[in-house]
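Shared between the two complexes below is subunit A, which pairs with subunit B and subunit C, respectively.
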Partner chain A sequence: MNYLEFLLMRPEISLLSIFVIIFLFDLMATGRYRRIFHGIVCLLMLAHTYICMTGSAEEITLFGGMYYNNPMLSFMKAMLTCGSILVILQANRWLRSASTYYKQGEFYILMLSTLIGMYFMLSARHFLLLFIGIELASLPLACLVAFDKYRHHSAEAGIKYILSSMFSSAVMLYGISFLYGSCGTLYFSDMATILSGSPIHIFALVMFFAGLGFKISLVPFHLWTADSYQGAPTVVTAYLSVISKGAAVFTLFIVLTKVFANMIVEWQAIIYILTIASITIANLFAIKQHDIKRFMAFSSISQAGYIMLAVINGTAHGMTAMVFYILVYIVANLAVFGVIESIEHQCTDGVKREDFNGFYRSNPRLAFLMTLALFSLAGIPPFAGFFSKFFVFMSAFDAGFMILVFIALINTVISLYYYLLIVKAMFINQNDNPIKPIKCDLFTRISLTFCLLGIVFLGICSFVYINIDKLSF
Partner chain B sequence: MLVALWMSRGIKQIRTVMVAGSTLLLALSVYLTIDFIAMRNAGITDAQLYTDSWSWYTPLNICYSIGVDGISVAMLLLSSIIVFTGTFASWNMKPLTKEYFLWYTLLSLGVYGFFISTDLFTMFMFYETALIPMYLLIGVWGSGRKEYSAMKLTLMLMGGSAFLLMGILGIYFGSGATTMNIHEIAQMANIPVNIQYIFFPLTFIGFGVLGALFPFHTWSPDGHASAPTAVSMLHAGVLMKLGGYGCFRIAMYLLPQAANELAWIFIILTTISVVYGALSAISQTDLKYINAYSSVSHCGLVLFALLMMTRTACTGAILQMLSHGLMTALFFALIGMIYGRTHTRDIHKMQGLMKIMPFLAVGYVIAGLANLGLPGFSGFIAEMTIFVGAFSVNDTFHRVVTIIACTSIVITAVYILRVVGKILYGKPENKEHLELTDASWHEKFTVICLIISVAGLGILPMWVSNLINSGVANIISNIQP
Partner chain C sequence: MIIPAEYYLVLSAVLFFIGVFGFFTRRNLVSLLISTELMLNAVDINFAVFNAYCYDHLEGYIFTLFGIGIAAAETAVAIAIIINVYRNMKTIHIKNLRELKD
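So, the complex of A and B:
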């Protein structure tokens, strides 16, 4: 094989080189150079996004079919990268605090290695590579979750995360081993022709699905979510709730359509039940949550349910709806977490819903952004969330699941209720002791601005959606 | 066109911007109306004028397409008048003035967008845009149990729109998933009847929630009672008409067979809302609650008339939308002004206001008389047309329900005259009320504008019915088998 072909894996290679640069910089830089560390990382990541976007315009197959890349996958990778940049931008204040300042470099490195893992998850066309990718994406995340190990139950959250993540990997491996046993191959393309829906295949599908279900945190595999989200540092929670989840959904979609294409009836039935359970149960639990991070955990479970509405379609149309939904979800959710991150240091013992009382009067801009983001999550026009929800419903309806759509729609009303509770706290409730006016640093401000632009314009400007549609399949 | 104007107007907090904006809007609407009539007189008989369409989400056949027919022109005119007067009615809105007008503008944007769009998706989008500002407008600037009412209203209406979205998706995929344009779907008329049976009730209920259809009307009294004056005006005056308009334009126009078959269920429900709303109004003691229940009754009448599916009745329904919009706006404006002075809306605590604030009292009497259908005002024309149209349907069921619905006129007279007698006449007993002032200039301006509109519609109804005639005829011809 020609070594020049390695260059075709441009996204992975450029990310690896950034990884190395950061590692060396972290080793050598001292004193005042460390102060610009954050800026350098952001610039490098931006350059990397550019490489990702301008990358392969054609389809690439490497290593005898193990690695595959096409424009759609490049776009997904770029999306994940952009999300990570937004997260890194928001991390600035937290990384500068005394307890984390000296391990700043570790944070970037751990994060980048999960990102590389996600790239391989997306590009894998062989179960071995897929599994390596998934492990690479989840092990460093456990370190990140436990990053604040002396504060806020962070270590506890880390343990919970790693145990459940190991467990889900084991379950998934068990499923993959059944697949290997019955097919004699691990290549997606060979497997797709052999799988026929016999009981052993169904068993393997269920096991595999359960493994990824943990990552996406669908009900009933969601039990780790709330605790880990609450305990992890806010930045990591943000990363966990959008980027990691997004990558897992993409992978699930790819595997279901590429490998289990013949078993569409079976996996649609699984998704049907899980979607209803996820949306309904998560919504009902979210109402009762007072800690805002736990609340966002349940909200993200129900959002995962909505994403599944697009996955259930399983066609190009569904793929477009899914990618668009995740894109919108990334900006809206990161906006919320950005706001939480910036007020967190004023609240002892975690941010509660009551802490938002009177928030609008003290911090009108942040409150306004938060309102828009929550409206977008709830699916209120003219914000992007409305469009993405509408398209998701449309794709599920198109696949013939009317009752599912109806249940999901009724659930949007419930979700609107709890999102409005926060809006109400910010605008209507009085508070003698509101959060003091906050001055965000430059990085957070940039990140929030991008989120705001995304929330407002992703829906109204249709070209994003149309371009995604052109790339689908 | 109107939308662009609203968008570009920006977020300035000063009143002048608001006044200038709404005046411009009113002027544009009037110009649109005149131009529309001129074009109709010139013999242009297209179903829609000023049509325009930009493809938006091409893969899903979603276009941003707009166009108006007579009905929407009339509705736009109504909205402009109410937004215009509403601006004056909320002249002294105190805390967070800028935000108030921002949400108010967003609400109006939704309303205008809804009336001009001819694409299912766009229409639904504007519909929801109009709903959500209500939460904050009532929650922040309202009075009484505002948080409860705001939440109740928002959730019920969003529940309605969940039904509606199902209906829209059903229509889109039922018609072969090729276009979202309302008129193209209507011309194809290829939605299978069994699909229509499922989605007609969903769509109708979806819009019916906003139009205060009987079992789903409970948001209305609480919402209206708690909302600030201008929002009550806009909400009762225009937003509730979105329901009627949507039922007519989408549910009945696009799903005609099912509409014919299933109409009887909804006729019974609307008859209940007409009579029940009026009866509930009698037993209320809060001015806003009285008016809110009267709105339920009158909006029920709109849906009732639409379901009769005769041309006369539907013309009457549109007239009723216009006339009720103006009347309730007038009512809510006056109630807001009275409340702003007396700080109570309980009718037992106010007497003899005629002596204290003659201008407002006279306005109230006029509004009341218009509401109970005195000839010369708009209410009479509308209700007359509706009942004549409804009675002309030639079977027993329709005639019986028409007679039942007619009783609401009498009941309306009871509660209106009771209130007028109680609070306006007699001796002012509450000493504190003696020092209250009459209307200030901007309040007078609001009231006079609305009274002129109400009287204008009553005296020159032909002018409006000519305007809406072609639009109604077009839709009716599609519905009638």
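So, the complex of A and C:
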């Protein structure tokens, strides 16, 4: 075995070294050095993103085909890292509060280990590495969900998350074991040539879907979503809803096209049903939610359904649409969660929809940002969300799923209704004691600014989409 | 006399579905954890059996080893969170986990 191959895994190696640096810093730093901890982490992550982006210009296959990296995967990894930086920036106020200050380092470490897990999920070309990646991504996340030790909501959310995660990974492994039994290999490339669509393969495919469907929170596997999103600390909810979901969607796309390429008819049928179910059911449930984090949970389930419209295409165009959709989804959703995070400490029992009444009078800027983000999530034209939805619909249309696109379009109207309910609360509803004016700290401001720029410019600047299109495979 | 592979597969299938049944019917967090462990062990049996009876490489066994290790890690995290639940609510019965609702 050639140990020099480890050095070629540039994104993983650089993330791992950041991991070690943060660990040592957390162990040794005292007093005034601790105060700049947050800034140091952000800078390190920024440097890491640079390494990710510039890293590999060519394709790399390592360890006898177990690990694979190419420019597109590097781009996806960089995207996930950028999203994590935005989340970390927003976490500043929460990490400085008295109940979390002493475990600040643990938060970064757990977050980075989930990120490494997601990298392995993307780069895996062998089911063992894929399984380890998925577990590495979901176990520390359970710890993060249960991070507020003395709030019982957090513990309850954590136990719901970890038990559903274990259940779904067991179901997925059961599927993989039958794939192994019928193919005699676990490498993606070898398996793809053997799979033929016999009943046992279809059984394994369905089982496999359960594992990643759980992480993406598609409808039959979504039951944990609302509770975990509501109970988790807001920063972690933001992380769960964009980064964890994005990585899982990428992985699902890669596995479906690389391993199950011969069974395209079967998995398209599965996605067809799941998409309709996710979008419709999540939209109907979202309307009646009052807790805003629960509301965002159902909104994120329906967004996952829209992403599936790109996955169902299964070609390079589908991949472009998917990556672009997730990019836009990251900035828009993180903007919403940034606003929720900054007003959260003024609401005693979670942020409710009614708390936004009269928000525009007291915090015009945050209200404006929130409006743009919600417009983008709903897909109103000048903003990025419109373009991403458009490309996703186009890719499903190209694959010949007209009825599916039609149903998704109708659902867009429903989603517009519930997103606008919040906008209405902010601008029109009267309130005698609205949320007091908030002064965000510097980090949150930077994060929200980047989200705003993303929402406004990602759609208009067409070179983003074109560049992604050049990379996709 | 060699035991046919099917017997093992039936055993693992039975274990797996006992786990699934337990996961949906049990009302205690530790029992839920045990149910998921049963499912993971069924998977481990599957991998080992397929490898032993069908192929002469070691991939399945290696997967089993990793499966056992990761299942242990999962259990550790889950137990830690269950203890946390107990400290906060003084019970681990599932009917008390209803705080998060609209």
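The working rule: the second predicted complex is superposed on the first by the 468 of 473 C-alpha atoms of A that agree within 3 Å, B and C clash if a C-alpha of one lies under 4 Å from a C-alpha of the other, contacts with A are read in each partner's own complex, and residues count from 1 in each chain.
In the analysis below, a residue touches a chain if its C-beta (ideal position, glycine included) is under 8 Å from a C-beta of that chain, and two chains touch if they have at least 3 such contacts.
This structure is a prediction, so every number in the text was calculated from the model and none was measured.
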Contacts of A:391 with subunit B and subunit C, given as first, second, both or neither: first
Partner chain in contact with A:159 - subunit B first, subunit C second, else both or neither: second
First (subunit B), second (subunit C), both or neither touched by A:131: second
Contacts of A:14 with subunit B and subunit C, given as first, second, both or neither: neither
Which of subunit B and subunit C A:320 touches, first, second, both or neither: first
Comparison of subunit B and subunit C by subunit A residues contacted: C
Subunit B versus subunit C as contact partner of A:466, first or second or both or neither: first
Touching partner for A:113 - first (subunit B), second (subunit C), both, neither: neither
Overlap of subunit C and subunit B interfaces on subunit A (superposed complexes): none
In the complex, subunit A residues that touch subunit C: 127-128, 131-132, 135, 139, 142-143, 146, 149-153, 155-160, 162-163, 165-167, 169-171, 173-174, 177-178, 180-181, 184-186, 226-227, 230-231, 288-291, 294
Complex contacts: residues of subunit C adjacent to subunit A: 16, 19, 23, 29, 32-33, 36, 39-40, 42-43, 46-47, 50, 54-55, 59-60, 62-63, 66-67, 70, 73-74, 77-78, 80-82, 84-85, 87-89, 97, 99-100, 102
Parts of subunit B lying in touch with subunit A, wherever the complex brings them together: 56-60, 62, 121, 124-126, 128-129, 132, 135-136, 139-140, 146-147, 151, 154-155, 158-159, 162-163, 165-166, 169-170, 172-173, 177
Residue numbers on subunit A that touch subunit B, as the complex places them: 317, 320, 375, 380-382, 386, 390-391, 393-394, 397-398, 402, 405-406, 409-410, 412-413, 416-417, 420, 423-424, 427-428, 462, 465-466, 469
